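Scrolling down, you'll hit the structures one after another.
Next come two complexes, and both contain chain A; in the first it sits with chain B, in the second with chain C.
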Partner chain A sequence: MATVQPHRVRVGRSVELGLLALALAIGVAAYALVGIGATGAVPTNVLGYGVGMTVIAFAMHIVLRLRAPFADPVILPVVVALNGIGLAMIYRIDLARSARGITSTFATKQLGWTAISVVLAAVVLITLRDHRTLRRYTYTAMVAGLVLMVLPLVKGLGADINGAQIWIHVGGFSLQPAELAKILLAIFFAGYLVTNRDTLALAGPRVLGLQLPRIRDLGPIVVAWAVSVAVLVLESDLGTSLLFFGLFVAMLYLATERTSWVVIGLGLFAVGAAVAATTIGHVGARFTVWLHALDPAVFDRAPGGSGQLVRGLYGLASGGLFGTGWGQGRPDLVPFAESDFIVASLGEELGLTGLIAILLCYLVLAERGLRTAIGVRDGFGKLLAGGLAFAVALQCFVVVGGITRIIPLTGLTTPFLAYGGSSLLANWIIVALLLRISDDARRPAGVAMAGPPPRPPATTAPIPIRTSVATVGGAAEGDDQPTERISSGDVDV
Partner chain B sequence: MSELTITLLRLGYLVLLWVFVLSAIGVLRRDLYGTKIVDRRGTAPRTRAVGTAGTAQAAPQAGGRGSRAARASTTPTRLVVTEGPLRGTTLPLGSSAVLIGRAPSCTLVLDDDYSSSRHARIFPQGGQWLVEDLGSTNGTFLGDVKVRQPTAVPPGAQVRIGQSVIELQR
Partner chain C sequence: MNTPLRRLATVVVVMFVVLLGGVTWVQFGQASALNNDPRNVRTLYREFGKPRGPIVVAGQAIASSTASADAFGYQRSYANGPLYSSVTGFYSVVNGTLGLEAAENDVLTGTVDSLFLQRLQDLITGKQPQGSAVELTINPAAQQAAWDALGDQRGAVVAIDPSTGAILALVSKPGYDPTTLASHDTAAAGAAYQALLAADGNPLLTKATKETYAPGSTFKLITAAAALESGSYTPDTSIPSPTVLPLPQTSATITNFGGESCGNGTDTTLADALRISCNTAFAQLGLTLGADALAAQAAKFGFDDGGLTIPMTVAKSIFPKGLNAPKTAQSAIGQFSVVATPLQMAMVSAAIANGGKLMTPYLVQTVRTANLDVVSQARPSVLSTAVSPTTAAALRDMMVGVVDNGTGTAAKISGVQVAGKTGTAQTTDQTPPHAWFTAFAPAAAPKVAVAVIVEHGGNLGNEATGGRVAAPIAKAVIEAVLGG
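For the complex of A and B:
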């Protein structure tokens, strides 16, 4: 005899506080150790840095307590830890540069971006009381997302940096609008698919046990594919194109549960990738670098050689199992060690042990996102949370896979770790949205939205049942409970 | 700073990193291991006093006689599906019969190819609950015995209907 215990949600705000303290310790300790390792002394401003990070993290925690009391307790600490590790590594690269006589202030800028991002995430949590509001802006989000994606192509606004035309210059800042477009498109896909999923899932012939969609329902996936190919061709941005298409296919699968969409998506992607690899020089070079990275000819090629990739691999190798320690390695030998190759830098200084811990942080983040998607009751929230979590996971896979030579290298950023304001901003907004949806998913039924933090409710209590005593005794009709109505309505012997 | 301190700091940081990751996973372990299922065989049955008092009063009205206090500990108050696609579903037992089957009009609608559309009925009589097979194709079993006529179901006994197993609980 076994009984199924009802799942009781622990609110977990104090658990979050404890984990947050650990996460801050990780960030601040990394900062101090970088100073010790690179210069032999603890940085003088470590106290100020620690206080600043603590204020930022606890402000977010208080916003959660007030505005999303049931939000997931693990998401925020994991993100704070990743952000802290990233900041320390960027600071470490700065120190290495200044030792070589190059002044760079990446760390200060990134710290500023962190503050801006956290404030923006708090604003999202405060202003967006219910994620379902976003569904109203389904098509607005589509238009805005597509505009942001093509913005870098506008003359005078866009900028070609390192062979990819994905930046825009606004008032002295350079931004990657595709990062923000990712969120808008996830909102659009969720809103679109929640309306149309039935036609996409059910209509159509069945071939070899595979439920195929109708030809005319293929429209959206073809459009998504065409847009991602256009991004690839016009902006030479393999990463964004991959992320965009992968997000769409994953959300289609989430919405319809049909393997056929994944098969069609992967097929279309394979065709697109094969054509791009043979016809577009930029993409073809990436493939050559991937397949023949250690050829001297490929290594020495002036633009688009495999030097960066191979140096990153050597960095990982010299890190070994336990790493060289913060500030003890030479991650700055790899070009873009603070942005595209930050995973290689971390692998060198923290070793495989540290890198796996970081990857587990991402795994936990993605798991919480998907768990939120399972828990939330409305279809739009399910798709949005699942899509956003998948986007973060896919981005990690593409970046880490590129650096470790599992897949060709692409120009995506590592979420929360890599240097780059737009990426940090977009990912913190994703976190705010996930927290908002998880608040809805974990809130027990019958508790008002975003109210004051209530006590953990006893969800184990049985549904109050009015029995026939009340009915026979002539109790008020309002006492009738729906559960009893159902069962008493079926007395048909 | 000595070599030893540096090494200790280096390894200490990795330990800190893993402490964080493992404590985060510790918080999630309930999710990772799924729903908690408790085996009640060894533990004494708990009597639930307040929450079920109203339900327990259903029995006298249903035609039984005897002391109410004794009834409160023997009369089942809910029907629980312990196996099959609907595992975990509970249904409060009132004074009315519970019809089980695939037909949408049933009280407990089973999504089970092995059950008939109107498969079985569980109803109160004389202070206890009885199960009756409604001429189903695959039969209803109380424990291992096929139910041929209305049979009393003691609390905790397993009633098998198709792929589902239900039991009455206090």
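For the complex of A and C:
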């Protein structure tokens, strides 16, 4: 017998406010400590910096209150904390470079990019009232994504920076279009897979307990594989290739629940990687560096030696358990300490403990994203949120795994931490999308989503909700969601 | 779609667990290996960024670090650098480390295990960790006397306190100035290093401990010791001393210095043979005793031990194995392929001086923290029993004879009985011989044992003998020790 109780929803905006204050405190304190550690004085611009970050964070908070009042309250503070820690470390590298007489303004630029990124994220939240709108642009997203991925190969536009053909020059800026392509392709995959999931999942023979797909359904995965191999071969970008293919395989699995796709996907990738490693010199060099990093011959080889990787390891090792403290290590001894190797820089100054805290922040972010995917009711939203959350986790794994020699080093950036406008922009847009979907996932049934702006909920008073009936099988789980929802659209099964 | 999402969430957790394992492995498991990697400049920067402990001789720092205004933080400099270069070595950003700076690095940087409590204390009180001071056994007067007496001749001097093994003087020539090598001006420091590498006489090699030479007649002390230890000989035993000793199995012969005969030309006492350093008598004695007895006796004095550290590693002195008769005869007088470090020959005298007990030589007396607490103190230990007290006393008397009215009269000091042995070691036909002298004094209650080598006869060249060139240097060092 079902007990009828009023179901209360914790909206969490005030929780978010508290967590935001904590996240800002971490970022600003880190910034101040960098100055104290490196130069012995609090940076003169710490006030301006603190105010700037606070304005950025609270602007986003207010946008959420107005436009996505039910959004996940943890995502934004985690991202603000990571962004702040990254900025502090980039400022620390600036100080180290200045001490050597090099003018360095990475931190100022990164703060600018943070502002631009947050504005764009707010624009996404304000203009995109319902994430399902994006499903209409499935194939537009595919074309745009593929164009972005090949842009660096266009003569006169692409630029070979540090051996990888993954940049384009527009105006005075260098951009990594693959970062934005990641989002567009996730939208495409979600749209495509939600339409074709049944065919992909159910048709085909069973072999050795694996439900194999039909040959003609293999088309999309072969295309995705071919594109990622093309990226690898033509742009020398192992990281993007891995991220792109991993994202596709994960979303394919989400859509079909068929392990066979994962097996096929991993098999294809292994073959591609093995062939690339043996036939393409620089890819093979990456593998050699990975396996024999400390070998003197590999260490001293230039270019393509393990010098950078091993210097990163030295940095991490010198950090030890508790680190040298902000501003007191020598992260600048590692090339690209502000971008590709910012994890090594953080590991050196914050130690193993600090790095574990940062990794756990990412884990929380990814798991909140996946939680959103579980909570949201439409298949497109599930796939998109699941894919984007997994992309953040996978990117983190590829970068940190590369630096710690778990996997070969690739050229991906650490989300939110690393210096670089395109990466920051793309990841803040991902955050906006996750927040938008989580608003839907956590929105109690009966509260209007489209149409006029929703009633701003009072955070103190619980939202009165229809009574919750006994759980309907197959509906979304979770305490803070309504247990059933009548929808004419995609119902999860 | 929720089931695969949950599985994917598990996959994400697994990925992060792998990452956590990875960073733990690098930052904790491998940290020590990575930090000690010689290619890791970070370690050097960190070491330079901390005040390194001084190296102290008789209360004066001979190596110390002072704050510098550059990226490194501290500059190492050496007071009286060349004089102590054989001891300190150097500590350089560009050129690495050598000598005591290398051997005692973890003490000087304060990272040695025995300083763990100190580090813990510093961690709690928030004090910047400092390296420890290393106080040496060196007697500055003896060191200076050895340095001055060698002059511009190439060679080495080692002086030991026979009763403890404490090294009182350690000089190699030519020396070098470690301060120039430790310069933070990397170009200048690198150039200075290259110049030393190219320089004549290999100044970077600490000849006193790292170079081995044919010991020549100083080795007769070991042959005599083997004879006395066998029980068949006393200093007064008459042994054959032909003017020319034909070597068995070959047409080669052994003659005495300058072709002279010893005593009556047929036989002489063991003591007299040592006093006048009779080659034929000792070669024949070696043949009679056999190669194995000589090798065993040499080993008891410290030969063929590659593991000696003072704390710098000492080169191995070698008495070759598997010798045939003619080679045994040559080895018994310190020729053929017998080689010894100057330190080794000082140890021979020191063992005889100490009643047959060979003390382990050492250079570091005390290690103190920055606030002068004693971390460790040298504890003299017996390395081996080289000969019995009776043999030691007999050898002592025989060595006194060498200085009183034998080949080593140049080492005579009025009012002090000196016991010594000369050596003039053939090198090649073209180059003058090495001049050796090893001695201890006062003979009755020894305070110092010393070994001197002057390469290729020094200033006297072909005219040189151990007695003329090396003995006066030993005398100067003994006087410096006894005078102080």
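Everything that follows uses one rule, which is that the second predicted complex is superposed on the first by the 440 of 493 C-alpha atoms of A that agree within 3 Å, B and C clash if a C-alpha of one lies under 4 Å from a C-alpha of the other, contacts with A are read in each partner's own complex, and residues count from 1 in each chain.
Criterion: contacts are C-beta pairs under 8 Å (C-beta built on N, C-alpha and C of every residue); 3 or more make two chains touch, one makes a residue touch a chain.
Keep in mind that this is a model prediction, so the values were computed, not measured.
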{"item": "Which superposed partner A:Thr105 touches (first chain B, second chain C, both, neither)", "value": "neither"}
{"item": "Chain B versus chain C as contact partner of A:Glu367, first or second or both or neither", "value": "both"}
{"item": "A:Gly347 touches, of chain B and chain C: first, second, both or neither?", "value": "second"}
{"item": "Chain B versus chain C as contact partner of A:Cys396, first or second or both or neither", "value": "second"}
{"item": "Touched partner set for A:Ile26, first chain B, second chain C, both or neither", "value": "first"}
{"item": "Touched partner set for A:Trp326, first chain B, second chain C, both or neither", "value": "first"}
{"item": "Which superposed partner A:Leu313 touches (first chain B, second chain C, both, neither)", "value": "second"}
{"item": "Contacts of A:Ala357 with chain B and chain C, given as first, second, both or neither", "value": "first"}
{"item": "Which of chain B and chain C A:Gly40 touches, first, second, both or neither", "value": "first"}
{"item": "On chain A, the residue positions that both chain B and chain C contact, one per complex", "value": "351, 360, 367, 371, 492"}
{"item": "Touch list for chain B against partner chain A, complex", "value": "1, 6-7, 9-11, 13-14, 16-21, 23-25, 27-28, 30-31, 35-41, 51-52, 54-55, 57-58, 61-62, 78, 80, 82, 87-88, 91-92, 94-99, 105-107, 121, 123, 156, 158, 167, 169"}
{"item": "Residues of chain C that touch chain A when the two form their complex", "value": "1-6, 8-9, 12-13, 15-16, 18-20, 22-28, 30-35, 37, 39-43, 45-46, 71"}
{"item": "Chain B contact footprint on chain A (complex, rising order)", "value": "1-5, 7, 12, 15, 18-19, 22-23, 25-26, 29-30, 33, 36-37, 40, 73-74, 77-78, 81, 322-326, 328, 350-351, 353-354, 357-358, 360-361, 364, 367-368, 371, 461-470, 472, 483-484, 486-488, 490-493"}
{"item": "Interfacial residue positions of chain A with respect to chain C in the complex", "value": "99-100, 250, 253-255, 257, 294, 296, 299, 310, 313-321, 330, 333, 347, 351-352, 355-356, 359-360, 362-363, 366-367, 370-371, 373-374, 379, 382-383, 386, 389-390, 393-394, 396-397, 400-401, 404-406, 476-477, 492"}
